[in-house]
Amino acid sequence: MSRYSATCHIIDQVRLAQDIFHLVVDAPDIARVARPGQFCMLATAHGGGLDPLLRRPLSIHDAWPSGRLEFLYRVVGKGTDLLSQKGPGETVCVLGPLGRGFRPEPCGKSILVGGGLGAAPLLFLARSLDRMDVTVILGGRSIHEIARLDAFEGAAGEVLVTTEDGSRGIKGLVTTALERLDISSSSHTDAIPCVFACGPWPMMKAVYAWATAKGIAIQVSLETQMACGTGVCLGCAIRPSTQGRYLHTCKDGPVFFGTEIDWG
Amino acid sequence: MSRYSATCHIIDQVRLAQDIFHLVVDAPDIARVARPGQFCMLATAHGGGLDPLLRRPLSIHDAWPSGRLEFLYRVVGKGTDLLSQKGPGETVCVLGPLGRGFRPEPCGKSILVGGGLGAAPLLFLARSLDRMDVTVILGGRSIHEIARLDAFEGAAGEVLVTTEDGSRGIKGLVTTALERLDISSSSHTDAIPCVFACGPWPMMKAVYAWATAKGIAIQVSLETQMACGTGVCLGCAIRPSTQGRYLHTCKDGPVFFGTEIDWG
Amino acid sequence: MPYFEQKSTRPLPRTGVDLAGIKFKNPVILASGTCGYGQEIDDLLDLELLGGIVVKGISLGERRGNPPPRIHETPCGLLNAIGLENVGLERFLSEKMPWLRKIDTAVIVNILGNSAEEYVQIARSLDRVPGIDGIEVNISCPNVKAGGIAFGADPALAAEITRRIKTVTSLPVIVKLSPNVTDITVIARAVEGAGADAISLINTLLGMAIDVKNKRPVLANIFGGLSGPAIKPIALRMVWQVARAVEIPVIGIGGISTSQDAIEFFMAGASAIQVGTATLVNPGSAAEIVAGIASFMDKEGISDISQMRIP
Amino acid sequence: MPYFEQKSTRPLPRTGVDLAGIKFKNPVILASGTCGYGQEIDDLLDLELLGGIVVKGISLGERRGNPPPRIHETPCGLLNAIGLENVGLERFLSEKMPWLRKIDTAVIVNILGNSAEEYVQIARSLDRVPGIDGIEVNISCPNVKAGGIAFGADPALAAEITRRIKTVTSLPVIVKLSPNVTDITVIARAVEGAGADAISLINTLLGMAIDVKNKRPVLANIFGGLSGPAIKPIALRMVWQVARAVEIPVIGIGGISTSQDAIEFFMAGASAIQVGTATLVNPGSAAEIVAGIASFMDKEGISDISQMRIP
C-alpha cells in the first residue's frame, strides 16, 4: 500500500452554501496515487488541542497530478466546524489515500447517484470515466444542497438534478430520476449500465432496490464511525450479506458492491 | 462583587515580538468596573473543543470607559498559543474582573517594577496614578522582551529599562536600576515611596528584599495555577507568612502586600 | 378556541423532581467543592435558577487543606488535591448558613469525617438546622489521608456509617460513592440496605501527573482526584449500573458540562445531576444546563425527568 | 583534541531496555489492538524503529467480535467494544507470523481465553514458535463476556492463570492488568508471586455513552473500554503504585501520545511504555515518541531509561 501522512498547506477553502465547504489542499504524494472512492482522515483540532481526538474521514472529491487534493463536506459537528475555520496559509494534517475505491467495470452507461454530500466522491469518479458514458444524478432537499453543479456538468455527459422542494430540476428523489432514465441507451454500446451511489442510507437502499430489480450491478460508498481509517482498530465493522466475518469500512470499503453488505 | 462572564469581540490583536501579543477586546461591563491589578480568565479552545479545558488567567493590561479591555501576554503553551491565533471579527469568552488589585496608598513616588511580561498589569496601574509620581522599571533579557515601552512612557514620569544583555537601557537586572534610584526625590512630597512589582518569583523576591531593607512597603502580583479564578475551587492556595490559613491567589490576590506571603 | 384548548392540554415540561424527600425545582445541582458555599459565585450564577447546591465538604474542625500545588489541568480533565480545606462545622453554621438560608434553592451539606464517630457528630449537629434540606455523605474523597476513600471502598464500613448517620438525623441522607472500586453496585447496595435515601456518584477518580522538568509529581499531595469531561464515560457507566442495582434515586455526577450530557445521565437512570468542574470553567454552566433540559423536554414532549430513563 | 575527547566521553543515550528477558531496541512498544498484526500499518510506520509490537489479542478460535457500532469518540478519549475480533490462534500462526518474523523488532503476542484452560492451550502453542519474543496475558479485556475482566479483578484467579501459563511456556510472560479494580497493587503482587516476568498496565477503563437522539446506548455492546489522553492521569497513578509494589518490571500504558507523556511514565517507574490510541489518531506517533525520548535523554545527559525513575 502507498498511504501517506502529510501536513498539507491549504490552497483554498470556500463556503459554497450555508454549511457546505470546498477545501483544496496541496498533497502531492496523496493526490498522485489516489483512486476515485478512496478517502482521507483529516485532523481537525487547532493548535495542540486534543479535542476532537480522532481525525475525520472525508471522501476524496477530486485529485490532480499537480498535487491538488479536494474535499467537499458539510459542517455537522465539532470536527467539521473546526476544519471549516481554517483558511489559505494554514495547514491541515491529512492521512491518505485510504480504503478501497470504486471499481470501474466494463459496462454501458455509468450512472452516478449522489444524495446530498454523497456527491463528494462522485466528481473524481466521473472524471476518471469516459465523459459521454456518464450520467450523474444529484439529489437534495433544495437547490442549496446541490454543490458543485458546474464541475459535474463539465465532467459528465448528462447531469440530472432532483430536489424535494422542486427548487431545481426534477421534483422528487433521486429514484424519481432513476425511474425516468432510459437505461438502454448508451453512446457506443448496448451493454447493461452500472450504478455508483453515495448518500444517506435510505437513499442507497432505494437505489440498491431499483438496481437489483433491473439486474444492474451497483457499488455504494458507505459511512461508519472510524477511529483509525487504516485497518488496525477494527472499529468500523459493517454487517456482511453472509453470516461470516464482519466487513470493515476503512479497508474492505468504503465502496462495496451492493451484494456484499447486509441491507438490514 | 460585580464580575461578568462575557463573549467579547476582538477589536485587535497584534504580535509585538516573537511570542508577545497585545490583545484588545470590547468588554464594556468588565472594563467599566476593572481596577488595576485585577485579572480575567479567558477561554482559549476554538470551536466546541474541550481541550484546553480551563480558562487562562491574564492580568488586565489596561481598561477604558469606552469598553476597551487590553491584555499583554506571552505564548508559553497550548492555551496562549490558541488565543494568539484569534483575530478581529472573532470572539473570546472573558470572565472578570477578578481578584483584588493594587491598593494605591498615600505615599511618595510609586515605583512600578515589571520583569518580562510582569509589566502587563503595571500600565493600568500607572495610568491610575499621578503621572509625575510614577517611576516604571521594566526589565528583560533583551530589548525584545520589553513590550509597550511607548505606552509606559506616556503614562509615567520616568521609565527605566534594564536588559541583561545590555541591548537597551541599563545593563543588568531590575534591582540594578533600583539600587541606583534616588528614592527620596518626589515631585510633591518627601513621603516614603511605595513599590508595586510583578514578574518572575526570583525577581520579586529580590525586589521584596530591597524594599524591606529600605523600609518601603511593597505590593506584588503573584501567579499560581488556577482552575476557576472565582474563589470556589480553593486550588490557588499560596503559603501565608503566618502559620494560619492558606491565602488564595484568585480572591485574596493576585496582589498581596509583601508581608502577607511566605517567601520560602 | 379549539386551538387554545389543544395547547393547554400539553403541560409545560415539569423539570422539578422530588428526591429522597427533598423538593428540587429542577434536577440540576451544584457539586460539592466546585461552588464554595454559594455566595462566592452569587454574582455570576443565579442560584435560585437551580435545583440545589451541595456546599464544600464540611469537617468537624476547620481544615487547612493540602499544600500547593493543588490543581493541574489534564486532557479534558482536572486533577485536584485540595485536601478538604473548609471552615469547619461551627463556622459553617454561623458564617455560611445565614446567607444560604435566604436563597430559594435546596441546600445539601456535604460532610466528611476522619472516623465514623466524626461523621455522626457532624450529622447530628446539622439535624434540624433551618435551611438545610439534606446531607450528602462523602465516603469517597481521595485527597485526605484518614476517612474518605477508605470508607467508600469497603461495603461494610460504608453501610455502617450510613446506618449510624440515619439514626442521628431526620434529614434525607444521600451517600456519595467513590468510583475507585471494582464493583460499584456492591457499595451501592450496601448503603441502600443501610437506609440511604439516595446515592450520588461519582466522586473523582484517583490520578496523578508528573512535572517532567522538575522530575517530581506535580501535586504536593502526589495523587489527586480527576474530574471533568474526561471522566464522563466512566461516570455514566457507573450511574447506569447503580440505577439498575438499587431502588433509591441516583444523582449522576461526572464531567457534565452541557444539557446533552445531563440528558445522557437521565437516560442512564439518574433522577438528578450535579455539575462540578463545568462551573469552574464557566460559572454559568448549570443555568445553561437547566435551560437546555427544559427545551429538550419541551421539544420531545417529555413531561417528567423520569420518562427519559432507558428501561 | 581536548574538545573531541570531551565529546566522546559522553556516551550516546542508551534507549535500549532488557525487560523480562526480552531485548527491546527502545522502550516504545505498540499496544495490543491498536496496530493489528503490524502489516496493516507497515507503510505508515517503520516498525523496525520501535522497541516492539504487541499484536491484537489472540483467542483459541477465530472470533467475529461485537456487532457495530463498536467505537465512539469522547472528550480526549475513545470508547471501544471491538469484542476481540481476531483471526484465532491457527490463522495467526500460519498467516500473520511469517510476515512478523521478518521484522526486526520484538514481537509480543497478546492472548485471551474464555477459561484458564484456554489461556494455557494458547500459551502452549506459542512456545518455541520462532519470532515470538514474549506473551502478554490479557486478563483485563472489558469487552468480552467470558474471561477477560473476570480474571483481572480477582487476585486468586489472576495468580492461577499466571502460574499455569508459566508452566507451559519458556517465553517471558507479561501480565496485563485491568484498571477497573479497587486496589491494583493487590493484583500486581498476586501475579508477581505467581511468577509473572513483567506487568503491563493499564487496559481500558469501563465506560459508556448514550445516543440522546435515538435514546439508547451508542455501542451495541452497551459498555466499552475507554482509552486515550483522557485516562492518562489514572494510568500514571496506577503505574506509580505498582512500580512501588512489585520488583518485576512494569510496562506503562494509557493515553501516551507524546514523548513527554512517555517520560512521565518512566519517571513514575515504568521500564517501557506502550502506545495505543495515539497510533489510531496518528500512525507515526510511536516513532515520534522514540525520537523525542532519545533527544530528551541526550539533552539531560541521561544514559539509561531507568535513571529517570523518581525514587
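Order of writing sets the chain letters: A, B, C and D. Residues in each chain are counted from 1.
Throughout what follows, a residue touches a chain if its C-beta (ideal position, glycine included) is under 8 Å from a C-beta of that chain, and two chains touch if they have at least 3 such contacts.
Keep in mind that what you see is a predicted model, and the values were worked out from it rather than measured.
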Quiz item: Looking at the contacts, which chains touch chain A and chain B alike?
Solution: C, D
Exercise. Could you tell me which pair, A-D or A-C, is linked by more C-beta pairs in contact?
Key: A-D
Quiz item: Measuring centre to centre, with centres taken as mean CA positions, what chain is farthest from chain D?
Solution: B
Practice problem: State, to the nearest whole Å, the distance from the C-alpha centre of chain A to the C-alpha centre of chain C. | Solution: 47
Practice problem: Take the average of all CA coordinates in chain B, do the same for chain C, and state the distance between these two points in whole angstrom. | Solution: 36
Self-check item: Shared-contact residues (touching 2 or more other chains) in chain C
Solution: 75-77, 228-229
Exercise. Indicate the residues of chain B shared as contacts by at least two other chains.
Key: 50-52
Exercise. Treating touching as the only link between chains, describe the layout with one word: line, ring, star, complete or other.
Key: complete
Quiz item: Mind pulling up the chain C residues that touch chain D in the complex?
Solution: 74-77, 79, 153, 180-183, 205-210, 212, 215-217, 222-224, 226, 228-234, 236-237, 240, 255, 260, 263-264, 267-268, 308, 310
Self-check item: List of chain B residues in touch with chain A within their complex
Solution: 45-52, 78, 81-82, 85
Quiz item: Inside the complex, what are the residues of chain A that reach chain C?
Solution: 50-51
Quiz item: For the complex, which residues does chain A have touching chain D?
Solution: 1-5, 43, 50-55, 93, 95, 224-228, 230-239, 245-246, 251
Quiz item: For chain C, which residues are in contact with chain A within the complex?
Solution: 75-76
